Amino acid sequence: MTESYAASVVGASGFTGGELLRLLYGHPNVDVVQATSRSYENKTVGSVHPNLRGMDLRFSDPDDLESVDVLFACTPHGVSMERIDSFREAAGTVVDLSADFRLDTEAEYDEWYDGHDRPELLADAEYALPELNRENLPGAELIASGGCNATAAILGLKPLFDADVLSGGERIVVDVKVGSSEGGAGGGEASSHPERSGVVRPYAPTGHRHEAEIEAFLGTGVSFSAHAVDMTRGASATCHVYPDDPVSTGDLWTAYRGSYAEEPFVRIVSGGSGVYRYPEPKAVAGSNHAEVGFELDPRNGRIVVFSAIDNMMKGSAGQAVHAANVALGLEETAGLEFAGLHPVGAP
Amino acid sequence: MTEDTITTEDPITGEEIEIPADVEVGEIIDSPITGAELEVVSVDPIALEEAPELEEDWGE
Amino acid sequence: MTESYAASVVGASGFTGGELLRLLYGHPNVDVVQATSRSYENKTVGSVHPNLRGMDLRFSDPDDLESVDVLFACTPHGVSMERIDSFREAAGTVVDLSADFRLDTEAEYDEWYDGHDRPELLADAEYALPELNRENLPGAELIASGGCNATAAILGLKPLFDADVLSGGERIVVDVKVGSSEGGAGGGEASSHPERSGVVRPYAPTGHRHEAEIEAFLGTGVSFSAHAVDMTRGASATCHVYPDDPVSTGDLWTAYRGSYAEEPFVRIVSGGSGVYRYPEPKAVAGSNHAEVGFELDPRNGRIVVFSAIDNMMKGSAGQAVHAANVALGLEETAGLEFAGLHPVGAP
Amino acid sequence: MTESYAASVVGASGFTGGELLRLLYGHPNVDVVQATSRSYENKTVGSVHPNLRGMDLRFSDPDDLESVDVLFACTPHGVSMERIDSFREAAGTVVDLSADFRLDTEAEYDEWYDGHDRPELLADAEYALPELNRENLPGAELIASGGCNATAAILGLKPLFDADVLSGGERIVVDVKVGSSEGGAGGGEASSHPERSGVVRPYAPTGHRHEAEIEAFLGTGVSFSAHAVDMTRGASATCHVYPDDPVSTGDLWTAYRGSYAEEPFVRIVSGGSGVYRYPEPKAVAGSNHAEVGFELDPRNGRIVVFSAIDNMMKGSAGQAVHAANVALGLEETAGLEFAGLHPVGAP
Amino acid sequence: MTESYAASVVGASGFTGGELLRLLYGHPNVDVVQATSRSYENKTVGSVHPNLRGMDLRFSDPDDLESVDVLFACTPHGVSMERIDSFREAAGTVVDLSADFRLDTEAEYDEWYDGHDRPELLADAEYALPELNRENLPGAELIASGGCNATAAILGLKPLFDADVLSGGERIVVDVKVGSSEGGAGGGEASSHPERSGVVRPYAPTGHRHEAEIEAFLGTGVSFSAHAVDMTRGASATCHVYPDDPVSTGDLWTAYRGSYAEEPFVRIVSGGSGVYRYPEPKAVAGSNHAEVGFELDPRNGRIVVFSAIDNMMKGSAGQAVHAANVALGLEETAGLEFAGLHPVGAP
Amino acid sequence: MTEDTITTEDPITGEEIEIPADVEVGEIIDSPITGAELEVVSVDPIALEEAPELEEDWGE
């Protein structure tokens, strides 16, 4: 007999909320009983998410939360800290996709965001990324799903710290390329198709808040810059690092295999033959996989690290489901089996 | 799903559809069959009418 | 206990072949035991299809076919007729994705193609599209999967014939827009990214071979023209038809509901609210769904019919698996549950 | 010595207004003295149009119009009829890009639009398209620039009427594919990059207002349907027509050469070799050229006509400058010499 | 009276060759008398470059060069060194777009390329980039046009060296994003539309030959990595630099204004308002402008430098014409006045 | 342009066109009017014929 958990998605008319509906709808152990939206109340979820036209569910008011086993909050930064008590009242397990519970201390929220309303809860929250924090997830009641760019960067760099290739004092450049769904469903003039298509557009070139998250989990500052490029889904991080001591390609394979050989959702892609030799967002579009890889640059004493994810999946909704699976004691990959597409254009 | 629904007739196809029980007169919902916007014109008994279509306006 | 069928994919390094591998890999009742390619023999399937890096399988020689339950042929037109004996020897059920067994008579192949090597087999073959031919598929041993553009057009127009809105004598314009994966993995200069991106490019503006297929299954000639547009997956057919007698929107809903209300893979999308009011290829990308819809044009006495599919799925590999499911007595939707993505860019 | 005309652009922060600024800025006989915008008053034109950063001009209030020789109105439908007196007071030659003065009679505005405020002026206005109305443009004081889709359709079909291949009673299907700049700079959710990219999206599938314009100038009704596709610039019309009497390819060449051999901005592209065999919007992107072409379909008694323009150029700003050149007695091609780009992606 | 120079384009069927034809065709002081191609001999240039259908010129054999004033060589690396004598015999001024004459010494060609056939000519050649080498161009007889990525990087970084913000010992990361036309008209499987669209694909992640060129002209090594992204035209370089001594935003403005205030083809774009706040390739598509800009990152002691060009223009054909203009004593901007487009999608 | 050209009749439109003087029998050139591929069937006098069209093959 299969266990079945009742789930709610708050902010279900948004991009990550829609992705969660899709994943939970196909999840063997979950029943979605509520999807909230203030703007689309009483409309079918398919009226917003055309891929969910077959789903028999209407949006309801986030102020009337049903009692469920697990609640996913897909609301903008600041909303979860406000609504957290009602979320936790409604569900024993709350997975928050916003930045509200990712950092450890109030001080960090004061520095990087505009403060925190409920700092006392920060200590309760577990970071969702299983590759980083799997052991603390079982039974967790408040889970903070990682930022998409931070997830990409952390997954790329982590093996270098695990294997002591880096120790934390080195300068690290993280140059990120992201798709338009990162901005959520709102979107102003800069996100309109004529202005946004075909871009390589620097945004948040310095002072990006994901620096805080990367620093919190890798223990090292990074020089982060993001660029919008012409895709809808996807985040790709290229990290340029200069280890103090020389390493070989073999050392790097050992490091990456050491960190990820057993991980169900991380693939090491580095060199090889054919068209797809390094991590690419389009190779993982729609899937919960991360691709990570590296190349050695002896001339410059550099390691170039590549990391690619689908920001809607490994970068948000997929990571959230993965963490919930671990928290609830389910099969880790349940509901996350989709392999991705080939060929695929600009997903 | 625990939310209450009621059954009524879809004004376009004539088929039976379920809609939320708490709708109010004047509210616009969409038909689960045609996707069309329907206006709740009465609640007891429940009755729906096609809502005037909102023009897409994609310039010229 | 679940039954399990052994399957081969011939032409597995191509686009439809790769899609079949993906679908069968996730299929609960199928084990892929062979994937052929002459050019990539002994390479892993993941070296060509990056989404299948997790699959433990290498390409093998199409001249050494293993004995299986079902064989999918994903080779160019002309190859299946040549290799058909070895296919049928290897497998009790053969599903061919090419045009080789779609038409009924040698005469049609003489008219539209360059003849047929094995005309005597044409009578044995069943057309795969379950919406058209479900009743003849159970137990079928040779199944001809439909052409992508033909499938889109047929699905859009069929209800009008079922409901006698059209009777066959009317002039029908079928204006199709297709993605670049229709051309297969080969691709010359016209398919290079600089030349192919951003196009609205007429190709095969007249005399397209899918006219034959549409005529064969709808019993009416059509004026077909195709345009390449900037997507990788997707085929969208807009049919302009002029019924002899006036019809109402209600009549059309009745016609389309009559044909498709019970179909697991056809959605009627016609009007409604929000962004997605008519069929769109990107709303079905990666999924086996077809969207069909219509709009009445009283001023011109016209019905405009829209139909959208993913050419890799409903237009080829998905249709093939669907038909195989029916042929083998499996759940129709087995292996085809993926709902598609939202948002998604230009898949 | 070169004559020089002072020009204003009203609605210069929009897409067609920006294009006009660019064209006039490079025009040998024109000086732009005013560019209006209510929202960007006092900002540089380069702050909105990055390609015009070198232009030393700031937006000003459309309520304070300077006295100039020629004024281009690039405002939404309805604004020009309201402001027309101030426009004509400011300039001896007014070129309006909106639909406000395109049709001949108040009755047509009542049928297709929501009526007209100044119907008495309709008789004064000349339609801008020189290929249709060159002889009436010299000295014209009120010029109505054509709609982009209508322009594409009219240019494609006109030779068939000129040469009596069509006489007006035939059924004509006009299936149009357009880029996102057609919607102007505003743009709501449907125009956001995640929702709009990769689409083949029917819009205005029936009852499109450009039917009125086509009918007014070709003297025949058409069955028009438009589809949004993934490009920013460009409109492509495929017309499916069935002449009463059979024609040959030679006849069609004669017809099209007869209409266009001397036209500086129309190219006949029909068959030939290489990648670009029929009209394509990307082959004319940024240029004022229209490409038109045809293919005969003897099996169906059909002629397929293709027509491609850049909606920002031949479909609006370029056509407006072309007409102004003729009206003012300048070289027709002045300011419109740009040839377009190759390769170019999805302009 | 205007002087007029006769010009040839060798390799005119390629991408940069076609762009040169377009530029020279519109150049007030140049007549193109020859365009070579081995594969398209005797075909019209418009059969390959659809934007040049109006040009009355056919490709001819590169072995029969006519005598001209200036010859542009647009052939792959290695061809120019082979054919250089015939080029110089045919024309007093030779502008080579390949890498063959960019570096100063045979040793560099041995290290980065596969050696050099005619090392004695290296000393004669002048680097084309006027912003770097204007004073040596007048009268130059052999001009080596810069590499597109190198040009982008050099233009971005140069002011920091000019103003002694950097001195040459610092570590510099150059993370580049490029369009598909960089690969030229050839293009294999990796450049096919289905595989190439939507990518963020690392290529030449280390050891890129443009490192040599940057080092040669800036006097400093750089850590270079390139990524293919979904555009056809454009190269964008993001440089991450860490000056030894702190600088202010004001210092940076002074540095960049100092280097570029008088440059006709360089715009400083840094911050500001609206959608386009930093350099973007699509803002310069089709034009010869470079946009450069910067942002200060005090937390990390970093300056982020952005630079964007059209690789077909400032990155090759435009730079070549600019240099030829200087060499021949013409107006620097002659033939290069096109301002670029707004809006524009993915050019 | 200094290269020699000769004048002949376009087989599709019947109009006069210029083509390179050095073409040989069997060579394929394109018409400057229609863009169609034309085969040189004789050189003295010069005569052109429509060449059989190369199929684009974009699969199905």
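Lettered A, B, C, D, E and F in written order, each chain numbered from 1.
In this section, a residue touches a chain if its C-beta (ideal position, glycine included) is under 8 Å from a C-beta of that chain, and two chains touch if they have at least 3 such contacts.
For each chain, UniProt lists the protein as follows: B, F = Probable biosynthetic carrier protein ArgW.
These figures come from a predicted structure and were not determined experimentally.
**Q** With one step meaning two chains touch, work out the least steps from chain D to chain E.
**A** When the steps are counted carefully, the minimum from chain D to chain E is 1.
**Q** If you tally contacting C-beta pairs, which comes out ahead, A-E or D-F? Let me know.
**A** More contacting C-beta pairs are found at A-E.
**Q** Please determine the option from A-B, E-F or D-F whose contacts repeat those of B-C, over half of the contact pairs being identical by residue number.
**A** It is D-F that reproduces the contact pattern of B-C.
**Q** Counting only Cα atoms for the centres, state how far chain A is from chain B in Å.
**A** Going by mean C-alpha positions, chain A sits 37 Å from chain B.
**Q** Need the CA-centroid distance for the pair chain B / chain F, whole Å please.
**A** 65
**Q** Quick one: chain C and chain F, Cα centre-to-centre, how many Å?
**A** Centre separation, chain C to chain F: 40 Å.
**Q** Where in chain B do residues touch at least two different other chains?
**A** Each of 30, 35, 56 in chain B touches at least two other chains.
**Q** For chain A, jot down the residues that touch at least 2 other chains.
**A** Each of 15, 43, 47, 53, 180-181, 185, 189, 193-194, 197-198, 230-232, 275-276, 280, 343-347 in chain A touches at least two other chains.
**Q** Mind pulling up the chain A residues that touch chain B in the complex?
**A** 33-34, 42-44, 46-47, 53, 56-58, 60, 66
**Q** In their shared complex, at which residues does chain B touch chain A?
**A** 1-3, 19-20, 23, 27, 29-30, 32, 35
**Q** Which bits of chain A are touching chain D when the two form their complex?
**A** Residue positions touching the partner: 15, 180-181, 185, 187, 189, 191-194, 196-198, 230, 232, 345-346.
**Q** Write out the stretch or stretches of chain B touching chain C in their complex.
**A** 12-15, 30-31, 33-37, 53-54, 56
**Q** Under the stated contact criterion, what part of chain E meets chain A in this complex?
**A** Checking each residue of chain E against chain A gives 171, 173, 175, 177, 189-190, 193-195, 197-202, 205-207, 211, 221-223, 225, 227, 229-231, 234, 236, 238, 240, 242, 275-282, 295-297, 299-300, 302, 304, 306, 308, 343-347.
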